[in-house]
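Structures follow.
Shared between the two complexes below is chain A, which pairs with chain B and chain C, respectively.
== the complex of A and B ==
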């Protein structure tokens, strides 16, 4: 596999991302309003039960923003299918593996770059107690972003329908985000329905959110070992990036994109 | 009279001179074909989009792939470029099997698609610059070629505009500029002049000739017969996924019995004896007496037989007042092999 070609695929996705100015601005406004409006108000409401809910929520919203921007690559896939750019990419002197891996990394990297400034603000709000923990947390966010990007590409090429993808992503978003610890601790999920907490234990968003809170010192202890968390996110990244290549190669052929 | 015959003969030679362009332009017929397909087949369900295609394309030639929409041209291109896998058979691109070594095969190829493959957010400059990078050009060479291709295709002034702001013709020129930047060993151009105005067409034809002169082999997929006739060294005609015939445009046209038509208006009526003598030439398929001392001859190899016909009229003291000649077009060739005009085949 050529690193130069891999980088060129990544570079292309980064360049394209910058062009989506409207989306980027809107996501920024969404993030700000979630933190400055919803976060502050809900914090007042629930602070008796969770004393530092605002910080808990800010970390969760950061992960949700990372998740949603990494998912955006799937829309690029449909845009490309619609304009036939897919076929063009497949005729280039780039191997399928370089193409998929490059796109998966590109999709993750651009979402990471996007939340970079937001992350700085968040870290300013939250403060950093242990730089090593933070490093582990940021590394796990990388794995998470690449994994989400790979998942988005895999779903897009399996669905082959922009409308269905849009609907599925909406449902998936509701399920994945709600069945995770991004917005509320496991304890309250356990109290509501134990099944919710059980499912949340297999959710990559849970690992990403909890590791991030642990890395930034919001949560002193983790329900799982940090190593287990990193391994879980690595498995998530590996599955959708490398196994996704197989799907990608098999499903590309024959058109029928809607 | 003598001068007139000589004039006619010279005009005929000029019009019907065999096309030796592919010999002058470096087509290497002694080397193995640069593209070879063996029973290349693609089925979509029960439909055979391409049916056991066997082709050999020589290095350095402009090879026309002709046929109506749905003939299988684009599917063939997509298989050769490894975008889709053949259901059966295979092909080699510069010695690389498209199934076994698709990555190597793709390194040899540059494609200009029928519909420009561009994302609306990109600019023409972005598209070409990234394409040049992926094709492995050095920074200096890339900058030089991108600038040159943008100027050559007349889109330099629009290079920073988003693709969605460009007209259909300009988008198509961006698509063509990709292969100009790349200068691939094998350039595949699918309907290169669709949506392009007449002046632009001639520019693009010249660009393709220049590309070939620089060493590229060109596969020209088109349903524009005139374009195929003007540019191609050889033409393959496809219909319903099958290859009907492959040869030089000249030989294909000559293959139609009596396809060349000569209408000679004489100053007096030709006696029957002259008609018999004309009919005796092996190249003369039929001779018909029309109104007003006009003879209509259906011929093969018009350039070979015309001097003898002129001599016969001269010997018989038959003065020619006007002469009209036409050669068959590739449309006639298509009709000859399919029984349909290209338009009818398109509808079918």
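== the complex of A and C ==
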């Protein structure tokens, strides 16, 4: 496998991403309004239960933003199928595997580049207690972003209809974000309905957001060991990158995307 | 009147073409109510959050679905379908009024199951209260449809429309009492964000959701005021007129 060719595929996806400038601006507005309005006001509302909810929520919104931008690669794949770009991609002097792996890495990398400036602002707000913990947390976020990108590619290649993909992603978004610890601690999910807390324990967003909070020092103790968190995200990354690559590679053959 | 009804029928047929989008929207709304609101109820003693949020959710649903008309009109402008619309045997004003009304009525249709959910989980209002709720929400839907159409015809770029829609969405949603009581929003004043507090007080979404709360929750806590209906009516009047004017005039320029 040629690394240079792989990089060319990644670079193409990064360049494509910059074209969505209005989508990126909108995500930025969403992030700002979530932090500056929703976060501040809800912090006041729940301060008896979670005294530092604002910081808790800022970390959660960062993970939600990372998740939603990494999911965007699936829309690209549908666009390419619709506009006949698949055929062009297949004529390139790049092997199927390089193409597929490059897309998976590109999808995760571009979401990370996008949240880079946001991450700087967030770290400025949250502060950093232990740089080593932060390094572990950021590395696990890389795994998370690549895993989400792989998941998006897997769903996109399994679905035949762009409409159905859109709706599935919408429903998945609604459930995966709300049934995680991005917005509220597990303790309160447990009190609300134990089933919610049980589902959250298997949710990669829970591991990503809790590890990020641990890395920045917001949460001194985790409900799971950091090693378990990193392992869970690695499993998520490995499963979906592998499945995504296999599915995408198969779909490329024989024009089954048409 | 017949021409207006034809336009409304056309828009309703289009609305059902977006059934997947609507299903997604309903799923998100229900997840907000039956997951997030239930968990937040455990986190605050200020209000019973589930009960507080349920009326807000009906208003959120109304807003999102009434706003969809703008997306369609912007698409028509970009694909130059508006030339066909302008060639129909009806006046520009009839066409414009039909579009604004259709946007509002579609919002009402989408919101109905959410409102019924409110009645089931809270309690049923009296007949006069129900009529007031429906009147206020209809006015609100017309106003939202007007905002959406005004933005849609102002730009031929879908990206610019989507960005403007995002700004309007977040301003209206987060600077309102949809998600949290107005008394809590006052905290923004201490951070120098008092214009947002003022906006939240006059926001039609605040007035709409607080009006439903005043009939379905404790009336001593959520006090009904005719000012709520007046605020929504003013908002609706301004944006329905603006949209009618903008739609009939700007389309001729493209």
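Note that in this section the second predicted complex is superposed on the first by the 251 of 258 C-alpha atoms of A that agree within 3 Å, B and C clash if a C-alpha of one lies under 4 Å from a C-alpha of the other, contacts with A are read in each partner's own complex, and residues count from 1 in each chain.
Throughout what follows, a contact is a pair of C-beta atoms (placed from the backbone, for glycine too) under 8 Å apart; a residue touches a chain by one contact, two chains touch by 3 or more.
Here the structure is a predicted model, which is why all the values come from computation and not from measurement.
Peer 1: Pick one for A:175: touches chain B only (first), chain C only (second), both, or neither.
Peer 2: A:175 contacts chain C only, not chain B.
Peer 1: Output check: A:49 vs chain B and chain C. Expected answer is one of first, second, both, neither. What do you get?
Peer 2: A:49: touches chain C, not chain B.
Peer 1: Check the residue A:3 against both partner chains and state whether it touches chain B (first), chain C (second), both, or neither.
Peer 2: Neither partner.
Peer 1: Determine, for the superposed model, which of the two partners chain B and chain C contacts more residues of chain A.
Peer 2: Of chain B and chain C, C contacts more residues of chain A.
Peer 1: After the superposition on A, what does A:132 contact: first (chain B), second (chain C), both or neither?
Peer 2: A:132 contacts neither chain B nor chain C.
Peer 1: Mind working out whether A:37 is in touch with chain B, chain C, both or neither, as first, second, both or neither?
Peer 2: The second partner, chain C, only.
Peer 1: Have a look at where A:164 lands relative to chain B and chain C in the superposition and call it first, second, both or neither.
Peer 2: The second partner, chain C, only.
Peer 1: Going by the contact rule at the top, pick out the chain A residues touching chain C in the complex.
Peer 2: Where chain A meets chain C, its residues are 21-23, 25-26, 29-30, 33-34, 36-38, 40-46, 48-50, 163-164, 166-167, 170-171, 173-175, 178-179, 183-184, 188-189, 191-193, 196.
Peer 1: Within the complex, which stretch of chain C touches chain A?
Peer 2: 20-21, 23-25, 27-28, 31-32, 35-36, 38-46, 159-160, 162-163, 166-167, 170-171, 174-175, 179-181, 184-185, 187-188, 191, 193, 196
Peer 1: Which part of chain A faces chain B closely enough to touch in the complex?
Peer 2: 5, 8, 11-12, 15-16, 19-20, 79-80, 83-85, 87-88, 90-95, 252-254
Peer 1: Would you tell me which residues of chain B are touching chain A in their complex?
Peer 2: 44, 78, 81-85, 103, 106-107, 109, 111, 113, 115, 117-122, 126, 130-131, 133-136
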